[in-house]
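The structure that follows is given in the form of structure tokens.
Think of it as A, B, C and D in the order they're written, each chain with its own count starting at 1.
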């Protein structure tokens, strides 16, 4: 069992906050080492952001929500940056149009790196000081979790942008790959009906976003759940059976999308004669039949499930099925940046490889309270027309994930590493 | 207590199927009595359909799903009508573009009325025959429920179209109105935590759509629910407090919509000096402060709830709160075609007046199975990016409604009579 | 030579103004005789208008620009009609959105016909009175020419709407058809270089729009012009030679349009096996190889000319080539409502059959002055991004046409009866 | 009279072709000296291109149309570049989508500069060789003129992109400025009616695009033309008189644009209290009342002319009025990169400062023949829905301009340095 199999070794959840801070912040730079200077302004669609912007925005987040909160007299590094690097915080003020982040050639990359250094220095001062931990440490952790989200997005965004360039550049040529073996035929995991506790259980050091609370009870009718992710090979069977041409498997809105955008395969797949090729962060490769299928929308996931005579899980089912498993799997730290066939380490793939679509629309848990002030905008205002994904992907930092984590995207979205796990309903 | 207060007297659920058939079909014609010949081609937006099309489509439904199912040798009235009057059944074949139903001047209204007569005669033959009840009676009931849905849509669609004509014509001049008195201050209805049964309980004669099944268990944390609908007067307070200008109350997608479409009030409200006027099916009227607010999107309902320090109900909470109440209220049969202040008859307004937005996205109940064949497309394929509304409105036929009924529309939609009821979460 | 060959017998240019007025106005009603009541609200695209609207708008034109001009105390038939029936006169006030004329079910057709009667009566009073001829007669003639333009549009608009209905209804079943013979091989018309006079030559009774003046000099290099219109048979050769697939023949914007809208033939042509069918005002027919091709955009006309090694004429060349020819040809009065093979009467087809695309963008003649007030908006403000067509079509009223007449449409438009005549440049 | 007043000193038309080649190519690099590495991927709208793309495309042009034409065995520097750097040559093959040039982070800037070096070396070999001058020299000159067009576009494109960044960066801080004095009141230039020769007169060394030929005769009615460009101060009077709020001055399509895009001033003007500020390539400045107004659309130019009781010139009038004047004025070489008040050197401003809108749509001259092969696509296929501009601007290279030069843009376009000169029609 190599370190890359077990995942994260540098960014341990148990690190002290100051070490954690510097480890997470460094990784953002490390992610950019593989880029050419030309790549930093890339924005290939409104949902994506340029690397430069990710670097500036995460820094602005610490400046605005930590440094200014800690010290009323804090003077921003550059007062014009607020307008440029505010993402969507209405209460913080006006901001640059999201779809046009790709025209922000200034500030230059050098200026943004200086901005990072400046804020990091001030943050380290704060972390070394006798700070008001009750008030600030949650905000600092929030900033780090936020930065980890943007690290993942930086990778998915650059993958999308590179895929639109006919040169099909690789993000990294030296990514690890591993032997691919077919999944073994394990029994599905069975769950009896009953009342279950769902959501984040408060604990002294466990961080969670507000949308994971409060912990509450749900009743689940009996179900069984697939003990691994759906593979590319299985998805190819769906395709071979006319999956993309048969409306009976599809949600109505999905079928419209299939036709309007001429979908015939997951995003990044292209047929080359009789082969299917897959554009990856390591460049163009053959589709690996044993690896989990990713870059499918909820529509495709749902159609596949329908074709297979199953359905997708509700998020509560996923969370119950995940149980107390360790956060083990194929994460960013495995240095593959691509899904891999299930291994001995985490054969059930609850964490890593692919974010798993659920049938659950993203909505508040009963008793949910969004944070006061600007940070209340972090999660709550997006609880409409989005669907929950669980588990984390091959580009998620390991320390960012947990069982109660609720990721969310619109149903049509495909540029994330999003995959499929099936559920079968049982008779009560 | 007048008949119009108690609702439907002509179309009783207890009617024999043949009487019910003729009663429902007649009402579609009755609804058109108030129209000018010029109005039958009106389509003011893609979501709405012209009256002619409603008349033809509901007839096609009986022809296709009942007459042809009952008799394999059935010859359609006109083979070209299938293309014109198929709404969205992929398995039945190609069809006319939805957004362009307003250009179907042919067949003429006369031809469509002949089509209705022809199909009604054949249906009456079938109803009088020794038919295969096990196979056909559900389909016939489905056709009638379907026609009732279109009766409601015909009214909401014509209201929308008339509102876009600067002449602001009334659908009917002679609609009933009633005294408006402020709602009394009743305590909210309290519900203890516990396991509850939700969904349609099968019974010999009770019809339900497939999306209301199966009946299943949910766990509800404690809550209390408002014992009536939110009034226009209350909504005006929200507006006066800057409701439409303060992003902190709004879902992100809702706030975009507010700005993009310049929303400042519910649909059909217009300021006339210091007064707010309301375009109704009876023409232009002053906003009645005591009547329930309607024609609000889920976004507005959610923003109002947020401003009021509450939230919207989940659909399971609504169904539990509704309990075994009789289907009493302000329906189509009350001949108002507009919401009214709560009355002694049905003071809690669970049925009638306004469809009530819930936080529940429209998704399958655990164990849901969609019907086989074309009718499987009736409901299941829309279970994405829509939200459930409960209770029925002032233009719903009384006999169409029931406690387990799940109506659904996208969150931004305002042309239905959609309103607001609040919930307060309690500590478990 | 039958009357239908020679064209208009009822609406003679030489008629007295009062007879002319009643003849033109009656024809609008006559045009509607072939319609079902259901057809009057039809609007199949923003460029087209419903028959009801044409009837109301032309009446509003007389009311606003003649009756109100003649008598300051004139009280409009209904003050709300101005908003509904103003087309584009900014100086007359706000108006209903053009693309939504199809939702104006009210006023009813009956009310509009009453409006017509009312205005016709008042107009006849005025025509019988001792009116200020210097001030009014031009306005009355303008109103009549305007109504004739709308008569032509009513036919092209209804053709477009009917073509979108899968029933493909005929506007009239009883249209005349004529034997189709191939065009004879006549020499092209040759013109030596020289200074030519172009534009409307003022005369006591000759009406012209302001855009036809002033008469002015142009220098034309030598050219020869085709002595008839390009036929469908010839256009089929272009198609057979890959005309719609070879970018080298096309203007760049035309080529984009071909691809974006998947053009493979003129509008209204559909392949039926090895045959090309043509949807006409008389219903579906085979393409007549000898008849002029119509319903082509300027892009298609230009591509055809390029393929043929020629070019389209400039409007000055057309006007010079037309010379003093009588206005003879296949007009509305021929009761075909479709182009026909050239006949002995008007073998060169300068008038009738098809409006002929020119290379000339619609721009002011040197010295052009637009009329004062609202009527200045009639023509001048459209002199951008439109191209001039000459000659008149098979649905133009004969008395509406003249040698200096400048019709104009955007280059991509195909729903008019627009056709092709070629020019060859000669060495100076 | 300083060199910067007289314009170009480095790139003389009289240079030998090899010197000219190297001078023009060097200037493209020189233009980029003022950019940060971050700026090279900037594309702020589909009409604009990133600097990197301009550098690559102009190089591809020489490689494709000169090197490959000179030597059939020429092997492209990189065969994948054709797809990336082909702009619109259908006959050369498929290409990257224009609106998405901003996502071409690869090839890197370094690779593109190597590409330039490689092609420049091969070109210098060719220029030093005993080449087929008859065949190649025109192509080389075409490539240089083409590169000069892109040099101008690079500046207008970067100006547009910078204007969308709230930091409002200057392209160059050190641009020259000059004293601003009000224009003197010179008499308008009068032209008698008569036949005139228009277009490029072939000469041994004079280059011209195909669209400037053949030279031909036109007849011009008498007119007088303004002896300088309209100033910002004059345009402010139009604005103060409600110019942008009064539809009577506007073309219909222009008025739609004013309202849809909320135009209230020329592009790049912003009100700062009672001042109007102007974003320039030198950063934000006050509007100079004496300098020519630029960055107006044809719609604004036409509305201004209408307000002033004049009209815009036809291109033939401009060319006649320009006559044999030397190409003197405020060009790129003056190092202002902004229009300037008229000076003694070229007080009539026929060349430089601003491209002058004309009423002439861009159409073929009688007898026009587009070049054979791919280069035939250079000009001819754009002759629709564009309008001719004459004279050149403050960012045009001096040696690029000539009297017969026909620039063209759509009527709504404002990101070019486009300005206004008036004409008054005289009685014949």
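Keep this in mind: a residue touches a chain if its C-beta (ideal position, glycine included) is under 8 Å from a C-beta of that chain, and two chains touch if they have at least 3 such contacts.
Not measured: the values here are computed from a predicted model.
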item	value
Chain labels contacting chain A and also chain B	none
Residue-number overlap at the chain B/chain C interface, same or different (half cut)	same
Whole-Å gap between the CA centroids of chain A and chain C	59
Chain A and chain D, separation of their C-alpha mean positions in angstrom	47
Chain B partner contacts - residues on chain C that touch it in the complex	36-44, 52, 80, 83-84, 96, 100, 102-109, 161-162, 164-167, 169
Chain C residues touching chain D - in the complex, by the definition given at the top	88, 90-91, 193, 195, 216-221, 223, 247-248, 250-255, 298-299, 302, 311, 314, 359-361, 363-364, 366-367, 376-377, 381-385, 411, 425, 427-428
